[in-house]
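Note that the chains are named A, B, C and D in the order they appear, and that numbering of residues resets to 1 at the start of each chain.
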Amino acid sequence: MHFFSDNTTPVSPQVMAAIAAADRADHGYDGDAWSARLDAAFSTLFETDVKALWVASGTAANCIALATLCPPYGGILTHEEAHIVTDEGGAPGFFTHGATLMTLPGEGAKLTPDAVAAKLAAMRSGVHQSPPRALSITQATEYGRAYTPAEVAALGDLARTHGIGFHMDGARFANAVAHLGCAPADVTWRAGVDALSFGCVKNGGMIGEALLYFGPDAAARAAEAKRWRKRSGHLFSKGRYLAAQLLAMVEGGLWLANARAANEAAQALAAAIPARLLHPVEANELFVRLTAGEAAQLRSDGFDFYDWGEGAVRLVTNWSQDAASVAPLAAALKALDP
Amino acid sequence: MHFFSDNTTPVSPQVMAAIAAADRADHGYDGDAWSARLDAAFSTLFETDVKALWVASGTAANCIALATLCPPYGGILTHEEAHIVTDEGGAPGFFTHGATLMTLPGEGAKLTPDAVAAKLAAMRSGVHQSPPRALSITQATEYGRAYTPAEVAALGDLARTHGIGFHMDGARFANAVAHLGCAPADVTWRAGVDALSFGCVKNGGMIGEALLYFGPDAAARAAEAKRWRKRSGHLFSKGRYLAAQLLAMVEGGLWLANARAANEAAQALAAAIPARLLHPVEANELFVRLTAGEAAQLRSDGFDFYDWGEGAVRLVTNWSQDAASVAPLAAALKALDP
Amino acid sequence: MHFFSDNTTPVSPQVMAAIAAADRADHGYDGDAWSARLDAAFSTLFETDVKALWVASGTAANCIALATLCPPYGGILTHEEAHIVTDEGGAPGFFTHGATLMTLPGEGAKLTPDAVAAKLAAMRSGVHQSPPRALSITQATEYGRAYTPAEVAALGDLARTHGIGFHMDGARFANAVAHLGCAPADVTWRAGVDALSFGCVKNGGMIGEALLYFGPDAAARAAEAKRWRKRSGHLFSKGRYLAAQLLAMVEGGLWLANARAANEAAQALAAAIPARLLHPVEANELFVRLTAGEAAQLRSDGFDFYDWGEGAVRLVTNWSQDAASVAPLAAALKALDP
Amino acid sequence: MHFFSDNTTPVSPQVMAAIAAADRADHGYDGDAWSARLDAAFSTLFETDVKALWVASGTAANCIALATLCPPYGGILTHEEAHIVTDEGGAPGFFTHGATLMTLPGEGAKLTPDAVAAKLAAMRSGVHQSPPRALSITQATEYGRAYTPAEVAALGDLARTHGIGFHMDGARFANAVAHLGCAPADVTWRAGVDALSFGCVKNGGMIGEALLYFGPDAAARAAEAKRWRKRSGHLFSKGRYLAAQLLAMVEGGLWLANARAANEAAQALAAAIPARLLHPVEANELFVRLTAGEAAQLRSDGFDFYDWGEGAVRLVTNWSQDAASVAPLAAALKALDP
């Protein structure tokens, strides 16, 4: 049983059905009937006017968002362990034409208002330093932590005060919302977020994520984002197959149901080894203290996962699981501490 | 009946079946079993060692190829009506970090060795002019013309002599090969081509094209291309769904069968109006002299297509058609010149 | 005697004196007393509020201007023989992050409103083509032709109507104004120009050109240009030595006096060979029909110059010359057609 | 008396004389007689074959060096307080097309082999992380510390072992060498350095720094650097005025004499307040613990300098000073601790 990552899973049946239903002739690119419904579907979900684009990958969603928020000479405030810093092969530098990642520490890969405010206060004016123009956080974070609405709003206040665009990397946005039990709006535009990478693939999609813009600048930024999507090769010839997936996710609530299943599975595992958790489990990832010997034992029992530094491993649950299906691993974990 | 473009068509049933067959857990990105077979599948097809990558779109395939062949300060020799010049929203400039498109004229959107040689001869040495480092042609061209093996080889000789990388945009490569009746190798590496964008989507795929490298530098260039694929956001989380499509295309000959069907449909239309053709029909596109009145008449009869400048239209056939299925349009065209 | 280029000349004595006068301690970068006077000096010269920056070279002035007028996904309308197209080693692509040069023909390297309007009309909307966002002309042109105020204004009207930024490459702006006898304002902001590269080095300076912004967006664009100047390495540690040169040029009218001298020399040469001129002589460049034998004869007489294609040469006069000092070449030219 | 920075100083008389001597007609760009002597002059100084280019600024020297050592998808290992990180307005991202700055801590702004080795060991292979391709250190560092030959060589060994290009930002290289008393070769190519930004302006020049390449790849890298110099607008029309400055610096030993004077001045100040020094004084910068009141007192006495965080100031001496000329400040400092 794989706990490597939620991108190893197959596709939700409802998404596969939506792809099949979209398999007929229509206009190319984003001129089709499915793409035309995206704005409305996401506007309903977020209870406000949303501009929505499909893009190929989370990397593209994040980086196009940043390119529309930050000029090439600007800086992007983000966590030092953010995915855009550590795992995107230089994509933010590519899309922003060399904007500077300004990294900050923070427990659980969460940015704090204090850290951001201190960095802003330390910047000199003038042209010798890149001016911070974007703030990017990950929801849920790289350690599976969820920002509460109040935490997002505190960062959003800072961003607005300093005229800084606010981006949220929501590769696991659904898992965070499932944990928080709030409205999607509460941790996004109501808290000052301007642009959201809305994850789909890790949550049961096949190919394609959504890039969403909120607020008064949404239309202008989305129009610019469409330029970037084209020039970065992300405007697919047959966009309806992506749009159909996104619609299948959000129009019937599948996004939240899938995330709840994954979270439930994660909680079942967490309950087995509370003393070994390196971070509170709030989404679908567990970071677990394990000796090399313990890890080897689990693997020989048929459970696969990645090491995460010395003496630790990462377990990722997914939409196709629930508490029952991960019971074997829960039992095996529990058996480590008899 | 749509003749807008071959990207309006649905997906080949065999491709859809391959996607369904790939719908199970495997490693992420390109670590899966399907992606692992790409090199072998394309090596068989091209009768040589090929390095193959899936990418999201033809734009990405073209531009990543160019980025690996041409430095940012270099120039790319290409036709003034090439897709990379006119229709990619600045993507070549984005991926190459500002390399210069050096455009040349040529009948039927074909580059001639004479035009290329003359341009090379006119370049001054020194740093004031961008040195040509890549040559890019489209097979079949933007006017549906196919370069013969000899024509490609003549350009390939020039490229090799001048130390210039040779790229072929093969969005409709299958249609060209179907017309020429040659081996794929004959119009690519045997003729000096270093990198090929091998089209899949227009020919019955859903999402994803192949970028192929040939020759002694293939491995190094493909390794670099994988860096570019990641940093441009084209490394999908679940790459197996792309790899499966490409394999379905090439392992059983579907790519050629589909292209032959489209070409046959195009020939059936061409035969109806030989005197109105603006370019010889060698692939699956027809450029037809039509008055505005004639075009309106055809549209009212249920045939859709794009205008192509004053007094002309473009008709594109596709893999899902054949001579029989386009007979109604052929008849309607024939009726224009009673 | 050299007629290669006006950049082979020494520095005007007044400029050299100004450099010497600036040789004392002051704040670094552009925090010095000389740099602080630039806005005022150019505002006086141009009879309007001007924002002025020194930069290292004409290439930098042109390209920073373009970067502030055109987004990376945009297009720049310009002449196919413009210096930014043919002689800047890809610098426009570098500074604009890959914006597309959209080249147009035109006699004497001059753009016509008709050509620009036709190109604009031919562009399709949507993201597949780069939207034109800047228009760039050279004053005097690469063939030594001057745009009249009315000609500039006609282009300026087009630019304003289409929301396009208007840039003028004025490497030889002084020579054009000297020929036209108009106010500098007449061929710049009064005619719709937003940004001007004001040449200094070819006209007697040592190092450094001025980049000027006009109009309501001047302050915002200049602020952005200062970011670009820094990140492109053009913010010199001791900027006072550049500022002093520019002030020496413009505060006492040296720029115009020098240009008049160069133009007078050019006219003296032109008068000797009216039938051999390939372009009207309006600034300080002559393009002259000469056989290879004639060119060799002149060179053996001690006159140096560049060939300019088959059967033609280019002669460039400069600020240190006048009709008298070029009389020997004038005589030698006249002697070719006894 | 200014102690803001060594870029506030006037120009060395010998440099000014060299500029005057170069004030005559010659070929443009770098085709002149002075530029032609650069390779030889620096080869003599460094006791090996050197390829040397003049560029406009230290920012440009650093960034062109990095662009020739590191691909756009690569990473640059450097100190978190390096000038290229904190004070170049995003220039490294601009010139490298978005390469990633990988910052490391280290006392006195010095990188240690241990820190570099640990970072290299922590990098995962594969395309998700940018591969380190360049290592950049500052000599003397941003805190006025000098790397010894052995310290540079230890880093050079690491760079060579990992196939990483090694760059040295030598804005104050002369001050470091003056302190170390070694041959310039000992802390550069003999210790594995591939590219050196050789500072001139802070050390008595007017405009222009030298970018030097060492080793078997020197010629190829310098040829590429010339492309970058042109496309970044740093190829001056009248390069002889820059080349002449550099020659004046190195051909007669002025570079070292000037640095010794500045260092001597710094030592004189350091001797006055040994207990207040935040870093050992090894070049021409002092970082001094001062209360706000003490700083105010000194300023009212006519000494100007920058604050450097809470309770500290920076004092920079320069080529035009010596122990005697800074005696008044030394006395004032000494008086703080009676």
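The rule is short, and it goes like this: contacts are C-beta pairs under 8 Å (C-beta built on N, C-alpha and C of every residue); 3 or more make two chains touch, one makes a residue touch a chain.
In this text the structure is predicted, and so the values were computed from the model without any measurement.
S.K.: How many degrees of rotation map subunit B onto its copy subunit C on CA atoms, rounded to the nearest 5?
M.R.: Between subunit B and subunit C the superposing rotation measures out at 180 degrees.
S.K.: Give the label of the chain whose average Cα location is farthest from that of subunit B.
M.R.: It is D.
S.K.: Just the number, please: Cα centre separation of subunit A and subunit D in whole Å.
M.R.: 42
S.K.: Per the centroid of Cα atoms for each chain, what is the distance between subunit A and subunit B, given in Å?
M.R.: Here the centre of subunit B sits 34 Å away from the centre of subunit A.
S.K.: Give me the residue numbers in subunit D that touch at least two other chains, ranges are fine.
M.R.: Touching at least two other chains: 72-73, 88-90, 93-94, 97-98, 127-128, 227, 230-231, 235.
S.K.: Along subunit A, where are the residues that touch subunit C in the complex?
M.R.: 71-73, 97-98, 127-128, 131, 224, 226-231, 235
S.K.: Mind listing the subunit B positions that touch subunit A in their complex?
M.R.: 2, 4-5, 7-11, 16, 19-20, 23-29, 55-61, 63-64, 88-91, 93-95, 201-202, 206-207, 227, 230-238, 241-242
S.K.: Along subunit B, where are the residues that touch subunit C in the complex?
M.R.: 72-75, 86-90, 92-94, 96-101, 127-130
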